[in-house]
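As written, the chain order gives the labels A, B, C, D, E and F, with residue 1 at the start of each chain.
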Amino acid sequence: MKLIVAIVRPEKLNDVLEALYKEEVRGLTITLARGHGGELESVETYRGTTVKMALVDKVRLDIGVSEPFVERTVQAIMRSGRTGEVGDGKIFVLPVQKVYRIRTGEEDVEAVTPLV
Amino acid sequence: MKLIVAIVRPEKLNDVLEALYKEEVRGLTITLARGHGGELESVETYRGTTVKMALVDKVRLDIGVSEPFVERTVQAIMRSGRTGEVGDGKIFVLPVQKVYRIRTGEEDVEAVTPLV
Amino acid sequence: MKLIVAIVRPEKLNDVLEALYKEEVRGLTITLARGHGGELESVETYRGTTVKMALVDKVRLDIGVSEPFVERTVQAIMRSGRTGEVGDGKIFVLPVQKVYRIRTGEEDVEAVTPLV
Amino acid sequence: MLVATALVLLMTPALAFFYGGLVRSKNVLNTMMMSLASLGAVGIAWVVAGYSLAFAPGNGWIGGGAHLFLNGVGLEPRGSIPHLLFMAYQGTFAIITAALISGAIVERMRFGPYLAFITLWALTVYAPVAHWVWGGGWLARLGALDFAGGTVVHVNAGVGALVAAVLLGPRKDYGRQALLPHSVPFVLLGSSLLWFGWFGFNGGSALGANASAALAFVNTLLAPMATLVVWMLLDLARTGKATAVGAATGIVVGLVAITPAAGFVPPMSAVAIGALAALPSYYAIQWRSRTRLDDSLDVLAAHGVGGAFGALLTGVFAARAWGGTDGLLSGHPAQLARQAAAVLATASYSAAGTYALLKLVGLMATMRAGRKEEGVGMDVPQHGEEAYTSGEGAILVMTDRAPAMDVQTREGRP
Amino acid sequence: MLVATALVLLMTPALAFFYGGLVRSKNVLNTMMMSLASLGAVGIAWVVAGYSLAFAPGNGWIGGGAHLFLNGVGLEPRGSIPHLLFMAYQGTFAIITAALISGAIVERMRFGPYLAFITLWALTVYAPVAHWVWGGGWLARLGALDFAGGTVVHVNAGVGALVAAVLLGPRKDYGRQALLPHSVPFVLLGSSLLWFGWFGFNGGSALGANASAALAFVNTLLAPMATLVVWMLLDLARTGKATAVGAATGIVVGLVAITPAAGFVPPMSAVAIGALAALPSYYAIQWRSRTRLDDSLDVLAAHGVGGAFGALLTGVFAARAWGGTDGLLSGHPAQLARQAAAVLATASYSAAGTYALLKLVGLMATMRAGRKEEGVGMDVPQHGEEAYTSGEGAILVMTDRAPAMDVQTREGRP
Amino acid sequence: MLVATALVLLMTPALAFFYGGLVRSKNVLNTMMMSLASLGAVGIAWVVAGYSLAFAPGNGWIGGGAHLFLNGVGLEPRGSIPHLLFMAYQGTFAIITAALISGAIVERMRFGPYLAFITLWALTVYAPVAHWVWGGGWLARLGALDFAGGTVVHVNAGVGALVAAVLLGPRKDYGRQALLPHSVPFVLLGSSLLWFGWFGFNGGSALGANASAALAFVNTLLAPMATLVVWMLLDLARTGKATAVGAATGIVVGLVAITPAAGFVPPMSAVAIGALAALPSYYAIQWRSRTRLDDSLDVLAAHGVGGAFGALLTGVFAARAWGGTDGLLSGHPAQLARQAAAVLATASYSAAGTYALLKLVGLMATMRAGRKEEGVGMDVPQHGEEAYTSGEGAILVMTDRAPAMDVQTREGRP
């Protein structure tokens, strides 16, 4: 089991969700985040105060997947989240020791398999 | 040391916090998130536009615990966060290499023991 | 590769960012969170209702770093995020299996090295 | 009068913001719609029949059918203003009174039954009471003073709210979880616009830009100032902190309390009424929040108690020299008794009428939203919308296509 | 009249909130500025030349140059009010009409070209049409009825909006993603304040506090009530849910539809106009959202369709007894033809004029924001601000220092 | 006049939104309460003593005690309006003037001392200055022109704000972090409602619906339009982006600048005053933000500088033909000198008085919140509330139980 944490551009989120959908990745959780990297900073002014926004809006996806899905998921995000400009984001693959489905108490692989 | 990441329903958060409190889990961090799983999607309309909300509001808990607490914490969340309907959420248990308490610099087990 | 997850006070965020900047940590992602720990709870009243806020605003930083940076990063956060009062927060160091840069597909160390 | 009517109309949206700010964000649209829909439903009901029932010639208890569908309501003067304008002005009062009740049942009553309820309420509870006091009915003959609606509007709505809250029962999380206002600035916006609109409510009730209007106007300025000060002091004494929700509530209570008295008492008495009125409402709110009575936005405490207290104080402070009948302080305790009679009569009728209507509506349809709906919030299930959206993760549905369309949209794009 | 002018002025910020609530939060400042800037740009253009072009003596098509720079516009009466005040009142109409168009092109038009466009539009499209109807031009002579601007304001703006939406093209995500309102409470605030301000718009158009004003006023109250009710019923029938955005839209459509008729029809006809007007606009919105026509905030459906329909219904319901010329129902079908002529003439001229102006502005500057700018939202690139900020991670820049200053600030502090 | 008073009353909540939008969300309630509380504290102080000190017969420096507690203030006319109404109208001016000062010390001054300060300020600084200019005091005799309060209100508040900002010192993060407005739409709402209310402020100062009121009204419309245009152009020239906060500020500056001149200058001069007034305030703000002077919301630059500049320009543009005394352009440079004298006198007295009062209040209580309180924000420690809550994690406390109750609540529920 792995937890894939991806930071992507908010304007690309719909594309990423679509790509994941096609790869049959069904469960995921997203969080609004703000990132700091090599991106161009945007300058804003409020009355006399000029401000550089060093943090740029991003979306974070947390996706728990079983081993066979790891590569497909990563590739799908990379394909669909890319614009080629600085700021496209990162993907981290974290080891997971255990996964539970709260509703049923199922564990690990069963916990992330949709029961449709 | 483990980091327990739980995704639960926002309307269940108070119950979960209460259950954790009884298990003497004292430290945790929550984040507002939105999830996508097998839940029924809700349909909304704005003027002529009809929209399916594919993402449902969830709350994410991050709880750093020492080994002996892992099982109790997981069970407490499973008990209190369950409604039995699709969408109750998941729990991930991640390995942690090191924990620090910023205030004192304490490490690992001491770092997560409350000092009341 | 490690993922450093730090929970800090929002009023200390600017100091932490500055300290990380000096340590040449360039990439990071932040999320607004709320924490529960040993902090003094604040009491609020709305009409006849009195309420204890058990959750305090915090900021969560996720920083992916290569091994040589781990210690410097942790120390920088500890130094700059400390006030000495209860509630300063925690740092978790998680193992990471793989990192990708979405823009280029670079992996691991290259993925977190800025390309200025 | 044109301006006064516009100002009173504005009070209903103001109420929408006052109430909307006090609820949780998942119910804000539902709460606001409960006020705004009154502009449509009650407004049209008023035109069709309400006005006639309240103001057409009838007996001491109810008006007649002479003005149904605005029959015979034209531009000829009624008193000093065109009849049509008088009808419109009175209509805005009916609208806001019905909307006030919604504060007792927000976050749990279904929208359809609510609409039916307030429309019927305006016709069968509000219109008769308005007739009693302003349409030449028995309370008018008795000599009860109600300048701009302390009993007709506020006691009436407050008691209706109490009955509605009891019949619907508390919200599922009431008393278990903290149910906090999602936007206090909206509450402040609402109470400010209410104050602004109330100048039309009280000032306009003199039906002309004369000395009586000026007095009512100034009193409407002074009383809430005093209530605001006393409320902040009570807050400071109790917890050391002057709350913003409290300030907004204090302003509204002051406005309510001065309403029956506005054109009948001297200005320093208005200050006294405002100051005194803070006390019963303040403690009523404190007490209510410790009971199982989930009058969610404290309509009873603010409007019922404030209105009743104001009506009684009118009997105390009214002075012939300032346009009223002499009250207790001018040596006529009888006036106080008349005021008490008006309050009691209104409260009893409102309680009975509201009870009967809600039972009736309850027979026709389920009034209360399910527990799950309450958990999700009323906005999405009842109105198909969220108040604040980010749009992410929302999938567009093409309404003219087959059910499989969302996959198709996802894949069939250029 | 002073009050009426102030109320109409308030409509432009009200529109800013109505429109601002409907867009995504990354575009809200841009959208609101599009309305507010009209207060400056169009307002000054009106003083300099617009008023003269519309109301100075001229021929049937356009006014003259006699009142350029307010020359000869003083405190002497024009009709029953001071000439200066008449100028100001008319100016507030020009401002809001130009601002209305912005609803068609929000979230994608650059701000500078927009300013140039609406300023020119007010002078070359609005001013002549105002002259035709109210300045003694050919439509006035023809006998077309337009009490407060159904054609001049609403048909004119609606058609202009259509042309602008077509020329600019849809937003990049239009029809692909759901573009949802970021704050429905703001939409409700905007529509409520619009209603409040509209009393000045219609009530003030009688140019005095007389019986005609009272009629116009009451009709402005009744028509939107009816539209609101019908709109909610249509919503309930279609999806089972009465939407809040729908309610706000219904109110505006009712206001638009009664505008040309306000002082000419009896009150029950106002109710009828309001109720009927819901239908075409409701279905126009349903239809529009399924096309590629990205008239983003439905200016055409609400103002163009609503205004045209209202103007025609004026020809149906107008009655001499209530201040109008007799219409169809009073046995004069000719009036309906005159109304249709006015609508057609305005629509044609507005279409042609808007087209020409946008082509002209397009020659001078790029009108449309880039895809990337659209993605980021217009607020930061066009206005250098965000609507809602938390301030975290914002680095202060000392404007009087060298470019390296932010590092210096970071390190050089005490 | 009734309407004008209501409009001026609305300006104080409008100010609450203007200021509240400009601060960080953790301080918004505190900031809004600083304006709203003035409605209570200063309002009551005005009734008790302020009105008498300003308008009862006295000497050239201060009024007398004849009208304490509204003694002798009734419905008899004073000039053309009831005396009581005159008192109320003037009261709304005192309230807003005191509230304006709060912009200089938001996000750090404790609420109790603030209340004490503005109440005393209204009595000892505002009331005398109002007496000098409008109560028949020495500036009135000198012949200084101040139509609606350029010096009395704006210079007075602006200088008071400067002194308060200096004495309290900058916020702890000022100049180190970016302190950004949390809701620019609220700022726009506030400035729009200010404009709307200002028609009462300037239009009402003619004390009647006459030609002078019409002139004041139209000038209040035109001047801010010009300021808005110039401000946007200055913004575009400096950074290429027309900011929304700038537009809101520009509107307020234009309103301030025309205030002393509104009923004395021809309309094209109002345009000129509006346009010119943008410059000093714009550059004052640019300059101020680079200093250590944390006049947080630029009260000095907008109101002090704008008011002083407007008062001087009144001496330049005033014309007997339009209701004023002849000014510089009409060949009477002496008027300019008189204006300068009025500005200087007001500024000096305000500076001295504010300084003395703050020192006095500082002796009684700690005025400044602690660093930690500043970090957390003023809302929770000072008012016991948050502006925007989600309610999650809030534990209900039963107020009538023992301190151990929250555990008990957690466990003792059904």
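The working rule: a contact is a pair of C-beta atoms (placed from the backbone, for glycine too) under 8 Å apart; a residue touches a chain by one contact, two chains touch by 3 or more.
Quick caveat: nothing in here was measured; it's all calculated off a predicted structure.
The minimum number of touch steps separating chain B from chain C is 1. By count of C-beta pairs in contact, C-F exceeds the other of the chain pairs A-F and C-F. Chain A and chain E have centres, each the mean of its CA atoms, that are 42 Å apart.
Mean C-alpha position of chain C lies 48 Å from that of chain E.
Multi-chain contact residues of chain D (touching two or more other chains): 3, 177-181, 183, 239, 241, 243, 245, 286, 289-290, 384-386, 390, 392-396, 399.
Residue positions 14, 17, 30-32, 34, 36, 45-46, 48-49, 51, 54-55, 94-95 of chain B each touch two or more of the other chains. The residues of chain D lying in touch with chain C in their complex are 178-181, 239, 241, 243, 245-246, 249, 285-290, 298. Against chain C, in their complex, chain B makes its touches with residues 3, 17, 26-32, 62, 64, 94-103, 105, 111-112, 114-116. Residues 2, 5-8, 31-38, 54-55, 58, 60, 74, 77-78, 81-95 of chain A touch chain C in their complex. The touching residues of chain A, when paired with chain F in their complex, are 45-49, 51. The residues of chain E lying in touch with chain A in their complex are 176-177, 375-376, 380-381, 384-386, 392-397, 399, 406.
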